[in-house]
């Protein structure tokens, strides 16, 4: 594996820096979003797989808060979407939940409870065990998570061997199964191909295969379709929907495009400048937006996009 | 550009040192207290009242030789740098614009120059053109020019494919316009850095040619030549190479600092840097200004 | 070199015999473009024909490798056509040399805006310098050019105090609006826009799109090149779809979106993320992909 911080292990098993947050939870009640969240989660009978409560993330050297109070519950088989521009804090929130916050950033408030356990108590070994087997992630630029000089199949197989202790031959056949399950045509051929031989969409499928290889219950897709063509983006989104239906995977879908999130998600958080400006059931947010910024995001589609033509709306 | 360089302390210091060096080059031979070629009885003497920097192996006054040699040394290395600049940078910029044939030819020529054995080439050319400082420096300049060719070509290539150059072309800009208006400013900083480097290596090259009797005949003093002969008597006078070495070092250092400053103050980031120091020349939107701000 | 000097079949078609030349701002017939030379020569556009009328907005949609940007570049004379015919405001430009292109360009009838707001303006020139460049190239004195440029700056809702700034000192959205204003200073009859809003955030996207809509109302013809049908559908009069270098569909925007004919266009329409629906199309998309792959 490469020495770079980006590798397949980042999506599945890479040991990352542990959260450097304060030891315990802050004793104060969670923010205003609490009401919505609890009402949503009470509707779901099962306890949440991932409970994010009033999470705050701080740049330690300057003390500046980059994320201020994000809360959501992710129930099994559900999909939560986070929408926002770059710098809105949507990616940092995900990274905190994955235990891979960048250097100098720390959880300065709130709590993240993963399958019943507060992640602030996790050390690096624990994170390494959880990543891949409980939660996994795919990001925007799939090529940078693969070693360019090794065939993609062997890289996924290696992750499998490390994470699940499969032997070489078993890992290979399991990888081929995974490749087929992410709708890669000719898994045998793809197995032996190098990253540069594959298109962006195919690489993202390989990354998704690696991410789900150890059977995680949560998959975080952070701008996973942003760099792709529209038709390929739809393929990946369809694949995520298939995975959710097929194996009950819970998803956190992060995107700058409200429409992408609208395709998949049950609940949407709209973030701007580190704050959640709107949060609620997707249907409600799309049809009765309360915040001006959400209306702006909707207006783009309504006035200039496909929706204008499809719905016959006039501006 | 000069004003922006002078607005930074490091820029002022570098310019100051270079002005001193230039003064030495002009006045050095006049300032030399003794005849640089006259020998005295004491060879390899230490520092004394009559010989401030001692004498060399033939009993010549080191200070006088340093001062007398400054003109040739400085002139030589500046000549090298300027020849390299003209021979390298101009084709480097134009190779991007004048079609595939010229591009191919100039690239191969640059490769060839890099591959040429330097001393052999120098000897051959001086045999052809006659021996003299200018001939030797032109030869050296031509041989160093691929550096300028590559640096300016690389800078031009990145600019030539940018959207703003294409927008200018779509608006009817000619090659000349694009080079003057958009390319030149981007090529200048890396070329300035190369120029400073070349002036530095110029001193050393002058000295190695002097060894062979090319360019400057041995009794005539140069900084590089002094350094070379002092090194031969290191066992007797370990401190002797210090004086010429310090002079060369100071000049090269000033050139490099100047190149850094030029790079820092040019371009987008540079203007912001200078503006942050509050010395940006006041401009008004309606006053017509000339392009680029390159001096 | 950027300008076209490629040999074009001179006998391809008699000039203007079958086309109402004065009616269209831009007319392209059977355009072929190749890239590379020798063994690596590759055809990027295959016989593309498109016409843009005065004041018309054409949305040109295509994904990676469709040749959409090449089409824009060929029309602007930045990519040489290997065969076919390009007519810009009544002038047959296909066989134009460097000098003829320059003369045509300096009339300012055709301008361009490119995607990257970071690279669309020279980082070393002030906004004012960039804005007046097309006019100065026409020979307009700088002071007069600046006066004219100010009104275009207002058209893109930017303040005068931006004039003295450098691109690095203003936001990406502002930069892209300056690029649009710069394209406007010569009162062009058509502007080629290659992914003009793709790199912008939502607020700036909406603002630039509104400006483009105003230009359309003001009678400027626009060729809006994009990979995303969704970003063009609401603003274009007509939509043309490029797929693997070929024009597979062309028609009024509403028709193309509501009843696409070609399999690829259907997939494109069904794939574009919309606010309402989407998941229900999954089966249909799978079907279309199978059809397209066959």
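Going in written order, the chains are labelled A, B and C, and every chain counts its residues from 1.
Here is the rule we go by: contacts are C-beta pairs under 8 Å (C-beta built on N, C-alpha and C of every residue); 3 or more make two chains touch, one makes a residue touch a chain.
A quick map from chain label to UniProt name: B = Binding-protein-dependent transport systems inner membrane component; C = Oligopeptide ABC transporter (ATP-binding protein).
From a predicted model like this one, the values you see are computed outputs, not experimental measurements.
Colleague: So which chain ends up in the middle if you average the CA atoms?
Modeller: The most central chain, going by mean C-alpha position, is C.
Colleague: Among the chains, which is located farthest from subunit A on the basis of C-alpha centroids?
Modeller: Most distant chain from subunit A: B.
Colleague: Taking each chain's centre as the mean of its CA atoms, how far is subunit A from subunit C in angstrom?
Modeller: 35
Colleague: State, to the nearest whole Å, the distance from the C-alpha centre of subunit B to the C-alpha centre of subunit C.
Modeller: 47
Colleague: What is the distance, in whole Å, between the centres of subunit A and subunit B, each centre taken as the mean of its C-alpha atoms?
Modeller: About 55 Å separates the centre of subunit A from that of subunit B.
Colleague: For subunit B, write out the residues touching at least two other chains, lowest number first.
Modeller: Counting only residues that touch two or more other chains, subunit B contributes none.
Colleague: Residue numbers of subunit A touching subunit C in their complex, please.
Modeller: 85-86, 229-235, 237-238, 241, 256-260, 262-264, 286, 296-311, 315
Colleague: Give every residue of subunit B touching subunit C within the complex, in rising order.
Modeller: 97, 99, 162-174, 177, 181-182, 185-186, 266-269, 271-272, 283-286, 288-289, 291-292
Colleague: Using the touch definition up top, name the residues of subunit C that touch subunit A in the complex.
Modeller: 63-64, 201-203, 205-206, 209, 213, 227-231, 233-235, 253-254, 257-258, 267-276, 278-279, 282, 285-286, 289
Colleague: Once bound in the complex, which stretches of subunit C touch subunit B?
Modeller: Where subunit C meets subunit B, its residues are 1-3, 76-78, 102-106, 108, 110-116, 119-125, 128-130, 133-134, 137-138, 142-143, 146, 160-161, 163-164, 166-169, 179, 182-183, 186.
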